[in-house]
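Pasting the structures here.
The two complexes that follow have subunit A in common; it is paired with subunit B in the first and with subunit C in the second.
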Partner chain A sequence: MSTAIATVPTAGRRQTGARGWTITGWIFLVLLLLFAFLPMLWMLLTSVKTQFGALQYPPAWIPTEVTFEQYHRLLSPTNDVGHEFLGYLWNSVWISAATTVLSVMIAVPAAYAFSRFRFPGRKWLFFSVLFRNMFPAVVFLMPLFVMMRFLGLVNTQASLILTYLTFGLPLSIWLLKGFYDNIPIQLEQAARIDGATRFQAFMLVVMPLSAPGIVATAIYSFITAWNEYVYALTFLNDKSKLTLPVGLQRFFTEYATNWPGLMAASFIMSVPVVLMFLILQKYFVRALTEGAVKS
Partner chain B sequence: MTLAAQHVRSLTSSQARKRADGLLARIYRHRADYLYIAPALGVMLLVIAYPIAYTFYLSFFSTPPSLAMSEKIFVGFENYTRILAARSFHEVTLNTAIWTVASTFFAFVLGFGAAIVLNREFIGRGLLRGILLVPYVISAVAASYVWRWIYHSDFGVIGAVAMQIGLTDRPINFLDNVDWVLPSLIVVNVWKEFPFAMIMMLAGLQTVPDQLLRAAQVDGAGVWQRFWHVTFPHLKGVTLITVLLLFVANLNHFTIPWIMTGGGPAGASEIWITAIYQLAFGRIQFGLASAYSVILFLAMIVIGYFYVRALTRGDDRRDA
Partner chain C sequence: MARVGRRDLFSGGITRRTVLKSSAAAALAAGAYRPLGTWAQGGTGIDLSQWSPDYVRSIAGTLEVDTAAECARVVPLDYTGRLTYWWVGPTEASPQLDHETDAQFWEAFSRTYPNITIERQNLGYNDMLNKLRTAALGNAAPMVARLPILWGVEFAAKGQLSELKPEDIGYGTDEYWPGALKSVTWDGAGYGIPTNNETMAFIWNAEIFKEAGLDPETPPATWDDVVAYSRQIKEKTGKNGYGLVARPNAGNTPFRFMPQCWAYGGGALDEAEADPSYEEVYIGNDGTKAALQLSYDMYVRDRSVPTSALTNTQTENQDPFIAGQLGMMISHPSEYAFMIDRANRATGSDKAIADAVVANMRYGLIPQGPVRRAVVFGGSNVHMFHPDVVDGDLDVDAARALITFMTGPEWSTRYNWSSSNPGNIRGFRTSWMKERLDQIKFLDVTSSMLPSGIPFPVIPESTEIMNIIIPDMLQNALTETMSIEDAADDAAYRVQQLLDGI
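Up next is the complex of A and B:
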């Protein structure tokens, strides 16, 4: 009897508390969505305004006149602006792709070794790999610049690919090791008992299981290379060799008042990575948090 | 001999061998293992170890602006004393501290809040998470331009809205005002980074055992008590790593401040990274810039020590 009396009000209070929390939660979520989403919406809305419409005061949320003129200009190769922009786009695509392929190819065996083998210095070497993430690009910029000059690579795109490995590799090794750690070693042992060599066991058992991890890692490498700015800014000066992030800046200085054009270019630049990311979000998020929540 | 006995025998003998062997012998026995990591280590030595060593080396030299590295002059610690004595160094350090701590704090709080809300099951949760993650993936360059446009002194949408609802009677010059510029940049950075904290903390929240939460509920613990006594202790590890990673990223962040203000106006948004870049590639003072980098580097090593410790805790337990 006494317990029943004691329980009822507690349950009541708990419910009120829970309901209050939900309302606060929803308000918070809506505000957060606005904060996260409005800048991107504004980018898109500005990009379809006329130049005159963009400089209206006060700014109109819904463009009074919608035009795809900027997109048309940027994406038509016959146009001067378009020719330049598509050049940047192409440079970004192939440089990011080359970086991704190289870093995955080098990282796969390394991550596998760090996950499976118990060679002396394993931990020490692994953390020295991870240490790269601690240092800012700018610290590496000067010595690499001197090195690239020595190698005759300044103003070549090869210098960028080589440099992008500095962050592509540690990241890939770290993410892939997390994936390999989660594949039971018994599966390989079973294959070995069935007569497979270590390499066959790796190719036939481990590789298929780690495919999602490799895809996630590759995409992560691609996005980081695609978005990289400071090395591209410093190593390249030929207009024809620039990648999108730096090209965008040239764009801004040359056509200083063309805000719709700049927003359209930013939007085009964002679309591929956002799409890639949204489609493979699950793996991506797993790759990012892998290792972090183990402890 | 049974399989188990064989296993025990091979275990003890391998342990005995491990103890008896010297390091060199063990390295030799594992020589094939090193082939797997050799390409990675080669690249790392070339583009990571060498640059770090060279930065240290260069920090003791005065370098000619012509970038002819053969003409550099040894100056000992002069670069360091010059930097540490400069008044601008203290201002930049203060800016760096404000930028790093505030960005980390707000990105974490916002991200954690989002994670708590998204941890509940509801329809459209996946879509919401996707949308909330977008700022994190889009390029910092594109983000910087959008926010410059949003902050624009004449046509910026924030200024216009603030005027329309009567908060101010003339447009605010966010990026050209010494008092406004740093907070304005921090807002952009938080916008860009909170999703990272969100995914990390969401992953952490999903490891909190349901039974424990239910048990606490049965015992009469309220929402806050459950959070404080059950959820939070569970998240200590992931919180530490998230905060450290955010802290490091913020300390190293270049693109947003560089594109949005270039450190201006009058150095009001200058942080270590932009100052180093300005010294190196604006004023072509590689020696000075290297010394500045080494100072940053030492700060990083201290943080790095805690980072590796936080990361290895789980690993040690698994290996044991």
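Up next is the complex of A and C:
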């Protein structure tokens, strides 16, 4: 009894303390979210302001006059601006998608080979894969340009896909190798005892288990290609072949910036990436946390 | 027809000769058709010594030009060829007028030379230089490019441009401003033709002047007045007085600081002298230090300029100016056209704001200093790349056809309708010039600044000096990392090291 009487206040204090921490945690999280999302919100709000509304001083969070004119212009294929912008959007989508598919197709077998096979020079080769990523991308601009010109690929989107592969592949291979290392080889051996070939064991056992890793790799490759600017600017000439990051520069001149237009275009540009994260987030989270529960 | 490929160069190096040979006859012909009387005034019918807003107005509309005939004297109009061309063209942020003018230009060119095919690349101002550097190094440069004034010298110094002077395209040297020709001269040879010449003006908001107790119709006459006006505006209205720009690696910074610097007898090198050698470093002299002191007084002592000046480019000044929060700034003639364009597009409550901004905009001459009145001589030049670095064979005649068309009196006036002055001085006499003056307010003011225009030093190191060393000097002084004296001396030391190749 006395024990019970003695413990009640302690439990209450503990609960109060826990609640205090919970509230602090929530406040902290809300502040963190605001910090992360305010730029996005500001971008969205500016995109629906008028030209003068965007320059209002002091700046107003809530636009006094809301207009969707910029979105209308950008997304209407019938006007010149929209036609160009949708072209950039399509180019970015297909170049990034092609880079992603190729990157996964190459990284998956390469990482598997590094994980499962022992061959002369394996260690050296594995580390050399990352060599490319030790230098800033711009260092390779000139050599790659000369190579692409030699191959007749300047002003083709293939030049970008090839170049983006050189960025994305090294890290993709490293990421995936980590996954394959964590998948017990006994599972493959069991499949083979049951009559599967090595390829079948890989496809039916290893691939499903490494799906989160493949998705994470794919997202990484896609975003790398989606946001790249310098190579796209340098390798492509025709307006009809340009990508979105280069297209965004069309909202600046030497003298002025079309802020609402730029913000609307930026918002549209962020949508595919956000959607991709929303759809694939469960795989992505699994990929990030997988290592925590493996022995 | 003169097509110059790499093979031609390797087999005897006739590039320049080819150009000169085919242009010599054209130059003679071009000279021959001029009425003799006009030679008395330099062949253009214009007396530069009388240059003023009134004079600019008085000569406009006194010349009829037949562009096709002028072009035909250089390259026959039925010439068949192919051309690649890069330029900083209108973008989504440009006024509608610029898009229309650009379209008219290309339509007119294809009417004049229907058999010349052009693959053209309209690049953004922030994109073009690096892209062009890579392309030229990778032997994939365009045949012709129109570049902002400071960019050409770098390519010329690397041997990546073909020599080109007005006579090569059928015009006389006297048809272009001496300052403009200076900007396309490297190592004693011409390597480009001015397409437009630009000098900025001093712009102020008459309403803010009134609020601050200043005469709304009178701009500051001297740089000392700018400091005093800026302080008064801040004290009386709480708004910022002058749009100081001091961001490193932004071209806008030297465009605003150098006029101040030159006005006091300073400079980066001796570019403001009548016959510059570009060898003597002026940046540490008393003139530069006096100019730096002015910026210090406004930023540190009076706090009468935007606190964000250290990170501002002109775009960040334009916006508060439009919002009625900034009293004075230096800017391009195009500023007025931008405002008119915005006002025309504005609706609802924006319309009233836009109309008020336009009504309150005033243009005046850049203030004077104790030594001179000065402004940066800007604009663009058109260049022909060297066959060695061009993608494919250089079609010299197609290149000359476009350059002649572009730099003649008609299109150097019409193509720069709202933003600049004609590169060809005869353009000032055309009916198009008269139409522009009637249509676009304040053009005569910015045009009248031309004789005060000083080009940046025409050396490859100019970009480093203007975009890095001078802004760094300002930053050092304005953040009080160094004293005025030390900041200027440090900049002088860095310029000297750069020139010495250290």
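Assume the second predicted complex is superposed on the first by the 238 of 295 C-alpha atoms of A that agree within 3 Å, B and C clash if a C-alpha of one lies under 4 Å from a C-alpha of the other, contacts with A are read in each partner's own complex, and residues count from 1 in each chain.
In the analysis below, a contact is a pair of C-beta atoms (placed from the backbone, for glycine too) under 8 Å apart; a residue touches a chain by one contact, two chains touch by 3 or more.
Fair warning: this is a prediction, and the values are worked out from it, not measured in the lab.
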Should A:F28 be classified as contacting the first partner (subunit B), the second (subunit C), both, or neither?
-> first
After lining up the shared chain so the two structures overlap, which partner does A:N182 touch, if you call subunit B first and subunit C second: first, second, both or neither?
-> neither
Partner chain in contact with A:F252 - subunit B first, subunit C second, else both or neither | both
Should A:F127 be classified as contacting the first partner (subunit B), the second (subunit C), both, or neither?
-> first
First (subunit B), second (subunit C), both or neither: which does A:Q281 touch?
-> first
Figure out whether A:V146 sits in contact with subunit B (first) or subunit C (second), or with both, or with neither.
-> both
Look at A:Y57 in the shared chain and tell me whether it touches subunit B only, subunit C only, both, or neither; answer first, second, both or neither.
-> both
Quick one: classify A:V81 as touching subunit B (first), subunit C (second), both or neither.
-> second
Would you check which partner chain A:N237 touches, where first means subunit B only, second means subunit C only, and both and neither mean what they say?
-> second
In the overlay, work out which of subunit B or subunit C sits against more residues of subunit A.
-> B
Where on subunit A do the contacts from subunit B and from subunit C line up?
-> 55-57, 141-142, 146, 149, 230, 234, 249, 252
Within their complex, subunit A touches subunit B through residues 10, 13-14, 17-18, 21, 25-26, 28-29, 32-33, 35-37, 39-40, 42-43, 46, 54-59, 106-107, 109-110, 112-114, 117-121, 123, 125, 127-144, 146-147, 149, 162-163, 165-166, 169-170, 173, 223, 226-227, 229-230, 234, 244-245, 248-249, 252, 259, 262-263, 266-267, 269-270, 273-274, 277-278, 281, 285, 288-289, 291-295
Counting only contacts in the complex, subunit B reaches subunit A at residues 23, 26-27, 30, 33-37, 39-41, 43-44, 47-48, 50-52, 54-55, 58, 67, 69, 110, 113-114, 116-117, 120, 126, 128-135, 137-143, 145-147, 149-150, 154-157, 160, 163-164, 191, 194-196, 199-200, 203-204, 207, 217, 220, 222-223, 237-238, 241-242, 248, 251-252, 254-255, 258-259, 273, 276-277, 280-281, 286, 289-290, 293, 296-297, 300-301, 303-304, 307-308, 310-315, 317-318
What residues on subunit A touch subunit C, complex-wise?
-> 50-53, 55-57, 64-65, 81, 141-142, 145-146, 149, 154, 230, 233-234, 237-239, 246, 249-258, 261
Of subunit C, residues touching subunit A in the complex | 88, 90-94, 119, 121-122, 124-127, 130-131, 134-135, 137-140, 148, 314-315, 318-320, 322-325, 331-332, 334-335, 338, 342, 345-350, 353-354, 419
